[in-house]
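Shared between the two complexes below is subunit A, which pairs with subunit B and subunit C, respectively.
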Partner chain A sequence: MSDPEKQGAGLEAADGIKSAVRDFLRKALENSAADAVLVPVRTPAEDSYAWILTNDPNLLEKASPAAPTMPVQGAKALKSLTRKGEGTARVIAVMRPCEIRAAMELFKLNQVHLDNITLISYDCVGAVPLQDYVGDPAGSEERFDSMLEARKTDAAAVKPVCRICVDFSLVDSDVHIGLMGLAGESALLVPNSEKGQALLDTMGIACEADVSGWMQAVSELKAEREGNRSEALSATGAGLQGLDGLSATFADCIGCHNCQSVCPICYCRQCYFDSEAARQDPAALLDTAIARGGMAFPGNKVMFHTGRMAHMSLSCVSCGQCTDACPVSIPVADIFSYMARLTQATFEYVAGRNDGEPLPLRQFKEDEVEKVHEIVKGAEEEEAAHE
Partner chain B sequence: MKAKIGVYVCECGPNIGQTIDIPKVLESIPKLEGYEDIELVPKSFGLLCSPDGKEHLKKEITENGYTHLVIAACSPRDHDATFMNVCKEAGLNPYLYKIINIREHCGWIIHDKDAATDKAIQYIRSGISRVLYQSELFERQLEITPDVLVIGGGVAGIEAALSLACEDRKVYLAEKTGELGGKAARFSSLLPRQSQGADIIKQKIEAVEANENILVFLNTELESSIGFLGNFEVVLDCDGDEEKTDLKVGAIIVATGYRMSDPGGQSGYEYTDADEVYTSLEIERMNAGGGIALRSGDKPGSVALIHCVGRQEKGYCSRICCNYMMKIGGYFKGHSEATQVTEFFFDMCLPHKADQQFFDKSVGLGIDFKRVKTIGLSGTSVEFTEIGGEQQEMNFDMVVLASAMEPPEGTEALAALLEIDLDERGFFKEAHQTTDPVATSIDGIFVVGASQGPRDVSDSMLLAQAAAGRIRSQLIPGGKIVPEVKVSEILEAYCTGCRTCLEVCGYGAIYFDDQKGISVVNEAVCRGCGNCFGSCPSGALRTKHFTNRQLFREVTEALK
Partner chain C sequence: MSSINLDMSAPEGTVALLRHLLGSGKVSAVLALRKSPDTGAYDIGLIADEAGLDNAAPVDPVMLANTGQILSSLTPAKKPLAVVLKPCELRGFVERVKRDQGSLENVLTISYTCGGVFPLEKVIGESFADAIPGYFKRVASGEIVEGTREACRGCERFIPSSADMTIAMAGAPGSTAGCCIYLNTDRARELAEGLEGKQSDDEFDPAMTRELAAKRTAEKEKIFSSLTPAGGGLDALIEVFGKCVGCHGCGRVCPICYCLLCDFESRSFDYDLPYFEKELAGKGALRLPPDTIFFHLGRMTHMSFSCVGCGLCSDVCPVGIPVAHIFKKVGEHTASLFDYVAGRDVEEAIPVMVFKEEEFDELG
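This part shows the complex of A and B:
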């Protein structure tokens, strides 16, 4: 990822980065480097954003390649576009790094097709929580624009997971737009794959700019965030230990399953917990109630969340959509990020790092059992320390 | 209809009779809580697996009209199949019965009779609970093709083809090279009776050519194979033919043999092409041709025969070398008794009954056998340490190396194509080295001869005939096969098409339906192992007879 040979091309951003990216996309369409673009566009009521697939320059004018908030995870939009196979149109999609990482996971799971998609990522300053945005669109726009201008995250303005995000920059996209460490009127176009290089070549963009300053700024921020992330996730983990910890954490859950329906990784056609198979016989429920001394209804509250952790934590990219969608303010994303860090470390896997890393579920390695034992032991020790 | 479950406790002689309080078990069963709506009929019997026991059980099932049956007895490994057959004969669907192991799990391991009895009751309760959730399953019959594809035209392949071909069974024999016979055809004699190797193989090849039920494809390799026991569809790529050959076969025999590893590649063996150092196969060719001689044309006065070349690096004994090196020693002594022949070996391998006699005879010929713990070669000079001796060096006119047998080129590709396993040495892996030596993890695909590890000609014949026997009993012309009943199934509405199941299936039993965008289980190939069931992220997979509900009920009751 930190390729010393990497070079970029300067991108003039005197009218702001959004305008510069719009110009770039328009030029790509004009040069027939792409047939359409997939970008967030502000809704007519101006209180949200939607993913739009378009080749209309007028509509593109309204696009916001870096939207302040993310009502729909980009990978989900990409999935709905390509789930049924490779399209014939060449599409450029501009997305946040976490959206592209989710797309990589879905690619491995055969849920998105990427042959005709060119992915453009950018240094992300974070996303405004959806409820904050809906409550105050104008103020949120202003706060987000000033973050973008300063290329600096305002912790109070963004989602909790964004504050501790370490994958805010270059991911496995085709072209990356570098912002960190650069002055407000400039940005860098960094080709990151053969496809990305071909796009820039077609558009006659030569890559001769030095990228070292940008890379340095990214790695410094990353190092700072790594520490914050470990600290924050450990604190989250402390409240989750044991069945009691889990029960207390999810006590307010109303069972709406919003977290599952907005999750880009939850790709099952029908969630087990919404299916007939999850319904239990009255006799079995009574057994459980008697064994525990009591049982809440509808059941499967903690089971739903732990089940979802078991199913998707290996692919979780910490995008924070689940927290955004929770009507009772459970910090779902923090909890899942904590679990994801443990499970992904077990298999030395990083969700969405690239499109070629095999999913751990499909690999059999003999030493994994031992590693799981070690992790369980570590978790037990951690739990003992908390007591 | 009200469920009526027969619950039979087998005394198993003293095994259960004396370790578990059977009257207490029988007494407790009708009192089980939560089963008031079900008629439970507890009974015991001396030995249910005996002919009397089976007859009694059959009569009981028929007369009492049980809807389900639970048998508390031994391990299902012992008698699950026995009681399933009794159910079938009595007209009860065998998947509505459950065996509970109260012998190994209770009686044998718990010395306190009361505790063992309590645990037995708990287990029986879980069995009763499970059996209520079991469903009837039905066997299906599939048409089969009795024809067989044999890959490899060496001795093993030829023998397999000859053992199988008959009026109603065609054998397709595909050979990669331009001629049949393999390596053994080049030996000038075959052990142990020193019969003329080439002649015997020649007779076999003539028999193959004369047999109108064997179709030989030379210069041919397997291009693709899909299917299962009784129904494989294979495509052969014959070099020179524009059209590929599509065949339907019921079984596939892999007889791709071995190759000799390059002794020049082994550390400690330093020599050049100019040195009088030869491999055993080169000597065989020389002997079958103009006779063994040095490059000058002279006969060698002294010869070193080195066994076990590459044995340590490979980590296995090649089994055939000791015998053929003694045979080669005999060639030299046959030419001239005065030739000084020294054989160096790490361990002597004499696996067949006539081998000891052969060894004694070789010693009698005046061949010097030296057991060594180290050996090195520099040109024709041998440096060695005998067991219990000092390091020394001897010079010879000629050196012959018995290098290790190894899997031939293309083995990995063929394994991938057939979806069968290789062992850690790179040879094809048998289903079980000791008890199932010619089968593979895929029903209907067999591995014979040196393709599964070092084998001599007689072993190769044996394995070829064994595989032929298996196929003859499994694929009777005009017959049908009954595939596994407890297979996986995919719930179409749930499958997201992520193909995780395809990657974890060890039997190639799942394929992807591109049109529907979902995975599909081929029930004829599925062995019901449950890998897919365990790994499906969408809950779209279910293994019949091991459904979530059945397992959940069983476990809940066992843990209550």
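This part shows the complex of A and C:
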């Protein structure tokens, strides 16, 4: 974001930004700059959106490069396409910044391949909660379109995590579409990697436009959101402290594991908590219940959520899919965002970047061993002092 | 003796029965719905202490998970257990037993004529406790209670089919002031011994709930007929399942879907890019992740004739697809081809596990 050399190309958006992006994608297909595109398309019943991979320029008419809601995290769509490795088709995928950040994490986890994928991100005004959308598709379309036109988030219309999102703009995509701070009929195409630059070059798009106004608007909103984010996450954290806090927070959980199955980061085919290893011996369960006087089912609520947290919070991108899929309205995304902020800060890691920085748990540093020694020593001394 | 009448409401009487069973040491523990007196939150308690029964709310209109699925994880039981299940949960458990996923050994099953439950989102709401007293009154009078789940409003199998004990509740006007416990098996009679109440030789008579059954059938037909969009076929499937997000929550909460790893989540359903490229060349467009409708059809093939209509799949669907009634409609149809009723009787073999010689002629 701080690159003073950054330049962009104006994108004519007189008929709205969706139409402008559709035209851009059609041109990319027609110029053979790409073999296919991956974009959200409204379902035939017009009650949701689905990711469609297409090479047919005419089908793009139905595409909605900025869909109002996020039924399936884009990184999951990309995973289903490339999990088994590269093909030859060059694909352009248009996704929200949080979807691209999740794709970067999956890339580091060897679950997506990106060699032939060109990622296009855009300034995101937020996503309408899935339940709100399916409950009122027409109204949601209207509310989202007016947000997009104003290039401004309506807090009441979007998911709670979107209200406090600080990564709503340029991420490590190949091309970014800048919207914030620009007049209604204009947008910016900003190349953000060699691959992105090559795409624009192939399409004969010259980058000579000034991007400073857009960058200024983005950084102002980002600063404002940072404050809101800290405040909101602290409030979430206050209710989470200790085992009592966690138990109360997850009290309504029915153990359906929808949060995990829609999470772009949780890529395990079989979660440990659904596996044979997590099953307990029936006789032992009954004996435990008898010893304690009773036992609650569905069980392992805090265990499951803290276990999942330990596994994926370093890569959590706060996309909010978990909250959308929870049948008992637990604010899973707020909770995981709070925890992710802490764990990611511990390792000075920011999930979703493609800067060569490996996943913290995939590397060992010598000084970390020293730190562990210090922690253990400190604990031992404390224990000795107690005795 | 075939029944015992207690001088209290059916919900109170059910707790009294559990108190008798646990207090006398006839069972080591009781599995039943509980309600926290502090927060009002429900859970399914494996209760081993008599004091723990103070929080028992065994027949409250709530289904957090299929109790049959939880009971599975507690069996085979080395010590005697009593469990209170809704009729559909009991049938779910029976289907699991047939698949070696549970055992009836040492288990006393207590069920009741069920008035249906409320959707999860209502159960977790602030004012849910207020709905309960009115609910029991309306259920006793044989009403379909407004606000209960669609799966329950159209449920005709609200009479337990194989319980050791049946408590009269839905369609039993006397159940607001009297609790009639029918003892259907020797095990039930043995364990009920010593329970104070008016003994009788009356057996459960399904005729008493005939009116409610008729209302439910009418409601079911109404719901079934609303399920098929005009035209049918693949277009209709796309219309209904188009908004599926592929979370597979329906499969995970299903008491019949017992596979630890669904085939649709396994490597069998991973495709490589050259495959997609070939598909794309032929079709011009592909939905990703793939196999949205295939998943539902596959699951239907695997479990629909054992579908007990418990409705949990609809309850956890994040986009409100009427999964439960779609599966129930298909399930009833496939099961009827084999004169099979899911969970009716543990001795009744699952149709696809049985081969009859004349079936080969039919195929030929």
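The rule is simple: the second predicted complex is superposed on the first by the 349 of 387 C-alpha atoms of A that agree within 3 Å, B and C clash if a C-alpha of one lies under 4 Å from a C-alpha of the other, contacts with A are read in each partner's own complex, and residues count from 1 in each chain.
Just so it is clear, contacts are C-beta pairs under 8 Å (C-beta built on N, C-alpha and C of every residue); 3 or more make two chains touch, one makes a residue touch a chain.
What you see is a predicted model, and the numbers here were worked out from it, not measured in a lab.
Once the complexes are laid over each other on subunit A, subunit B and subunit C both fit without any clash. When the shared chain is aligned, subunit B and subunit C each come close enough to touch A:Lys84.
Shared-chain residue A:Arg269: touches subunit B and subunit C both. After overlaying the two complexes on the shared chain, residue contacts for A:Leu285 are found with subunit C alone; subunit B is out of touch. Once chain A of one complex is fitted onto chain A of the other, the partner contacts of A:Ala223 are absent, as it touches neither subunit B nor subunit C.
Our angle of interest has its tip at the CA centre of subunit A and reaches the CA centres of subunit B and subunit C; in the overlay it is 100°, to the nearest 10.
Legend: residue contacts after superposition of the two complexes on their common chain; A:Pro71 is shown touching subunit C, with no touch to subunit B.
Looking at the shared chain after the overlay, A:Asn110 reaches subunit B, while subunit C stays out of its contact range. By the touch criterion stated above, A:His311 is placed in contact with subunit B alone, subunit C being left untouched.
Put subunit B and subunit C next to each other and count what each touches on subunit A; the higher total goes to C. Applying the stated contact rule after C-alpha superposition, one finds that A:Ala155 touches neither subunit B nor subunit C.
By the touch criterion defined above, A:Ser329 reaches subunit C but does not reach subunit B. Between subunit B and subunit C in the chain A overlay, the least Cα distance found is 8 Å.
The interface of subunit A with subunit B overlaps its interface with subunit C at residues 84, 269-270, 275, 283. Subunit B contributes residues 34, 493-500, 503-504, 517, 535, 537-540, 548-549, 552-553, 556, 560 to its touches with subunit A in the complex.
Put simply, subunit C touches subunit A in their complex at residues 28-29, 31, 34, 39, 41, 43-49, 51-52, 64-65, 70, 73-79, 81, 120-121, 124, 235, 238-240, 242-243, 245-249, 252-253, 260-261, 265-267, 270-274, 276-277, 280-281, 284-290, 292, 315-320. Looking at the complex, you find that subunit A touches subunit C at residues 36, 38, 43-45, 47-48, 50-56, 59, 71-72, 76-89, 130-131, 134-135, 248, 251-252, 254-258, 261-262, 269-270, 274-276, 279-280, 282-283, 285-286, 289-290, 292-298, 324-329. Every residue of subunit A that touches subunit B in the complex is listed here, in rising order: 84, 109-111, 267-270, 272, 275, 277, 283-284, 287, 291, 311-312, 359, 361-362.
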